[in-house]
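Alright, structures below, take your time with them.
What follows is subunit A paired twice: with subunit B in the first complex and subunit C in the second.
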Partner chain A sequence: MHITRNPTRNFYRPIIGFLAATSAALLLYAIWLCLHNISLMSTKGTQFIGLSNFVRLATDWRGVQALGRTALFVLLATSIEVVLGIAIAMFLDQDFRGKKIVRAVILVPMIMTPVIAGLTWRFLFNAQSGMINYWLSLVGIAPVDWLGNPSVALYAVLIADIWQWTPFVVLLAMATLETIPKDLVEAARMDGASEIRVIWHIILPMLRRTLGVAALIRAIDSVKAFDLFYIMTKGGPALSTETQNLYGYTVAFTNFDISYAMTIALFLTIVTNVALLVLTRFAMPKGIR
Partner chain B sequence: MFKAGSISRRVFTSVAVLAAVTTQTGVAVAQEKPFTGQRLSVLMVGHPTTDAVRKALPDFTAATGIDVDLEVVPEADSVPKMMLEFSAGSGRYDVVEASSIHVQGFVGSKYIVPLDDIATKYGQFYDKTDFVPAYLKPNVVEGKLYGLPLFGESSFLMYRKDLFEQYGIAVPKTFDEIETAAKTVKEKSNGEIVGITMRGQQGIQGVYIWASYLWGMGGSFLTADGKSALDTPEATKALETFAHVLREYGPVGVANMGWEENRLLFQQGKAAMTLDATVNGAFNEDPAVSTVAGKIGYAPVPVQTTTPKGGSSSLAVFNLHVASDSQQQEAAWLFVSWATSKQQQIHSLETDPNSGVTSIAAMNSEAFNKRYGAFKEAMLASLANGNPQYIPTVPQANELVNNAGIAVSKVLAGTTTAADALKEANELNNAALSR
Partner chain C sequence: MFRKLVFFLVLALILFVTLFPLYWVVTTSLKTLRDAFAMPPVWLFSPTLENYGKVLTNPVFLKGFANSMIISISASVLAIAVASFAAYGIVQQTPARRQSIEGFVLSLRIAPAILFVIPTYYVSMRLGLLNSHGLLIAIYAFINIPFAISLLVTFFEEVPKEMREAGLMDGASELRVFWHLILPVVRGGLVATFILCVLFTWNEFFIALVLSGRNTQTLPVTITSFLTFQGIEWGTLTAAATLIMLPMLILGTLVQGTVVRGMAAGSVKG
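Right after this comes the complex of A and B.
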């Protein structure tokens, strides 16, 4: 049957139409905002200022640096979480006592409220009385200024993010691992394949799609990461943890410069979309595209 | 004659009083609760004062017949929340609580209304003369009253009396003396005790404390003609001194320390000095949360120069305002004047650790002296010197603080020199001011 004659069109078309109209309206409003100079604290009226906000963003060193930090964070968070996630999932795929308990416990970080997770890590990383520096002192390592040293702070937040979101990858990978036919793996082992070859030639190819999806979701989430940064460092010290997302927030809700904040957000959306398109086009297995 | 005259006068007075009372009762019956049944929506900042107001709300409802829906959010979230509602013209809140630094911006954008006319009409809770003048002043813009102060605080230097005595240190009066004292403590305690701890977190936290150095060394945020003044030698010296004392004699992790971390470190007896808000005194002197209660001395914020452009102690005031979009402005005014009335403020001392009262009567009350006597004198001295422009009050204030905060954070973290960091902040601030 030709698709236009499919009677279900009467159900899905209005919904798609409504969603499309909403997105279009919001996008148009966002663009309108970017072309004006709306500031909640300004006593001057709203004026049309053309592309000035975009010019300002292009020459804004703070925005450029923030974008670089976002890229670094996304790259590191996504890759480490995916690699670590597979490793843990494979480990948990064996049979051992208490497996169910371990599986339940490993999900705790993911379901924890980000604010609680952020505060917990902030206190763990506290340079004076934090648990981590205490443990380090037991093995004779001098206290590390985790959140107060600009060259360390971003990685401290990264550790918290990895702790919180690796379980997500574990969860997806475990679900897929359970669908891999055991006889396939056993047949390979009988033929004398080493464990490494089994993992490399059988298990990983089967996990490929899942991992592609997991990496995609984690990458998108990392671009949007906000709560951990806000709770743990607020972008400091010396701007060392200010991502593009956090910068946009500061411009909007500290400076109340709504138009410029929208410009930053729109720019980030465009960059993310382009990056993800390129990524899915070249790096993802066919099934996901 | 004298006696008779006196009697007749007394009789006359009684009759007059009786007449007055009767008339007033007549009026009162008609006017006592003219807003019965109205429901106010109030946005307030999480703070002991707010807790005290919340607990006393039934009294307000009993006295006026007005119901109150109170929404309490953290300080950092309150302004974005009310700004979104104000700019949308939603009328969501009748009364909002905000810091003085926002008054100019709110008035300029017509988000809040002048209250003089309503105050004359419904003055039953309002006593203008009872407010600490320095607290009331930021609410008056071009001669009109735009709000009433709910709580206020200044800043002062807190030091460990026992350690100062042990090491033979005099109370510092300049920032150089602070550094010398911090050095002595660190050396004589073999690094066990931190010389001085202050907030260093990027943003308002660090700027709020650094501003003491800025003003105390003769600098300022803005020039007389409203330009940024952060590229001056005074400002550079202030930032160098602030960062140096913290990097050399401050705690590890100071670059990410906010109010809470700083307060806890000092309460735990791990530091010999701190420079912070007067409200910290209430925490220091509470044996339930402090190991140093009774051992703390309080002194005014140091001044380095003989010709400061403004006081080096802060003056932070939180005020209640009536929103322009409110449909019940008279009832809203009654709430504002009741919450800030001397009766309610004196009552608040019974229910909460409210050392930031704005009422002179409450400040002189027995409860206040008993609880906060240890630092009352130093607090009043700081208030008298409190600088209403300590943090700029122009509409772009937040952005200026944000840019200055980045400079402070960079120098504290050691990534940039004070001169370069402040030059950058200065350019950004001038751009913000001209926008």
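Right after this comes the complex of A and C.
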């Protein structure tokens, strides 16, 4: 078959071409918006203002704080979810009755509508009638105003995020663990290797790739986290849970400052993607990409 | 023996933490207002369907349900139709070419939604499209296509190459091979991908919040409107929540294996 007349290319070319053209056009339009001063609340005409929006972002204390908060959230959510997820997967990696059912149960948080997951956790974290405070009171701990206290609220959202997304890491790692040859682990145990050595020298190296992929996917997704924040705290109290993504939303759809919101969104995309690419390039072993 | 006991205790704890929020929403929806807020909480109560009655006669909720059905099914059908062609074509390419195309498709999934939602909002507002189903269907199809391509590629590559070659030998056109030979074989994958697209669209909140109008609100947006008027009515709210998530929990369990594969598609393999 001649490469030049390969009809299978026509199956994907129009679609990939369309996707490429659309995303390029969107990106150019996004950049154009960033360089102008479009706001639905202003009566002034559209003007070219150069990089003023970027200068404004660099000196915007609220934006800088939101960025720091995003970084903190991404770091905590990703590391806890990956470590906890791998631990649970290794724990479940043995034969027992009802393993299939356990797997189905673990899937539940992931496919639960995120808005409803947020509502549920808001309900559980309720200071007066929530279950979390009720359980704490049973062991003699004073009630905590989970969503109303600026120094606690971010961690309340974090707990909900961990609940919803650790299962993803668990199921991904379980699938990988099933491909590890059992006799290899058995042989090491026979030779008298301690359980810790087996985990450290045999199981973890085989999970390395999965670990990297899971961490990357969770990091990308938690940069974009919106639903839980919007439902549980809406960025409050006192902006203590406002991430960069939420700040962009508020600027765009509460203040209707389209150009500035676009600048925040573009900055978020560039910074996070560059950071993640650099991280994967340097912090991860070869072969993960 | 002791080991086994510890194992089952920890397992029970994991399952309890995983399922408790779901259990609490569903049981609250079956409680009367007095039972729902009783402290200490009531574990045994006589269930009532009163909250469901209220939700199912609420025109706003019913409208949201219809919108969610229309939008998620249309967008997913559209995405699968387009993506299956693309995935078939991509699988037949040389490894180097495949990698670059799949890399591009994957990169489309990294950008946060806000990046394209703001320009789309601005343009559709000026064109007066903010209250049309077509806008949401188009946007969701656009988002589902890269996802569906990445996932369908993993199904298409499982089909033995000989099948296509045999078809071509017999003089069938590429299109006929695709339609009559390959598609029937990957039917299961198509269904699973379709279900995941529906699941994603049904659950999606951010885009719907920004780009839907009074007539096109989907359920996740509808339920937030229950939050504001006269405080929070937890009874009706949890009943609505149960009705919204239950179909997705059932669908998701049906395609269990594919959910994780779908979320990691394109990045897990080399």
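As a convention for this text, the second predicted complex is superposed on the first by the 270 of 289 C-alpha atoms of A that agree within 3 Å, B and C clash if a C-alpha of one lies under 4 Å from a C-alpha of the other, contacts with A are read in each partner's own complex, and residues count from 1 in each chain.
Just so we're on the same page, a contact is a pair of C-beta atoms (placed from the backbone, for glycine too) under 8 Å apart; a residue touches a chain by one contact, two chains touch by 3 or more.
Being a predicted model, the structure only gives us computed values, none of them experimental.
Undergrad: What does the overlay on subunit A give for subunit B and subunit C, a clash or a fit?
TA: They clash: once the shared chain is superposed, the two partners overlap in space.
Undergrad: What is the contact status of A:Ser39 with respect to subunit B (first) and subunit C (second): first, second, both, or neither?
TA: Once the two structures are laid over each other on A, A:Ser39 reaches subunit B alone.
Undergrad: On the superposed three-chain arrangement, identify whether subunit B or subunit C touches more subunit A residues.
TA: Of the two chains, more subunit A residues are contacted by C.
Undergrad: Name the contact category of A:Leu84: first (subunit B only), second (subunit C only), both, or neither.
TA: neither
Undergrad: Taking the superposition on A as described, I'd like to know which of subunit B and subunit C A:Pro114 touches: first, second, both or neither.
TA: second
Undergrad: Looking at the overlay, what does A:Phe253 touch: subunit B (first), subunit C (second), both, or neither?
TA: Both: A:Phe253 reaches subunit B and subunit C.
Undergrad: So, A:Ile49: does it touch subunit B (first), subunit C (second), both, or neither?
TA: Touch partners of A:Ile49: none, neither subunit B nor subunit C.
Undergrad: Contact-wise, after the overlay, does A:Thr22 reach subunit B, subunit C, both or neither (first, second, both, neither)?
TA: Touch status of A:Thr22: second partner only.
Undergrad: Would you sort A:Ser240 into first (subunit B), second (subunit C), both or neither based on which partner it touches?
TA: After superposition on chain A, A:Ser240 lies in contact with subunit B alone.
Undergrad: Once the structures are superposed on A, label A:Ala175 by its partner contacts, choosing first (subunit B), second (subunit C), both or neither.
TA: In the superposition, A:Ala175 touches subunit C alone.
Undergrad: Mind checking 79-87, 133-141 or 349-357? I need the stretch of subunit B that runs into subunit C in the superposition.
TA: It is 79-87; the other listed stretches have no clashes.
Undergrad: Looking at subunit A, which of its residues have contacts with both subunit B and subunit C?
TA: 128-129, 252-253.
Undergrad: List the residues on subunit A that touch subunit B in their complex, please.
TA: By the definition above, subunit A touches subunit B via 37, 39-43, 126-129, 143, 145-150, 153, 233-240, 250, 252-257.
Undergrad: Given the complex with subunit C, which residues does subunit A contribute to the contact?
TA: 6-13, 15-16, 19-20, 22-23, 26, 29-30, 33, 38, 88, 91-92, 94, 96, 102-117, 119-121, 123-124, 128-129, 131, 134, 163, 167-168, 171-172, 175, 210, 213-214, 216-217, 220, 223-224, 226-227, 230-231, 245, 248-249, 252-253, 258, 261-262, 265-266, 268-269, 272-273
Undergrad: Given the complex with subunit A, which residues does subunit C contribute to the contact?
TA: Where subunit C meets subunit A, its residues are 7, 10-11, 14-15, 17-22, 24-25, 28, 37, 39-41, 82-83, 85-90, 92-93, 101, 104-105, 108, 110-116, 118-119, 121-122, 142, 145-146, 149, 173-174, 178, 199, 202-203, 205-206, 209-210, 219-220, 223-224, 227, 234, 237-238, 241, 244-245, 248-249, 251-253, 256, 259-260, 263-264, 267-268.
Undergrad: Mind pulling up the subunit B residues that touch subunit A in the complex?
TA: Checking each residue of subunit B against subunit A gives 79-80, 83, 86-87, 105, 108-109, 200-203, 251-257, 261, 265, 268, 270, 395-396, 398-399, 402, 405-406, 409-410, 412-413, 415-416, 432, 435.
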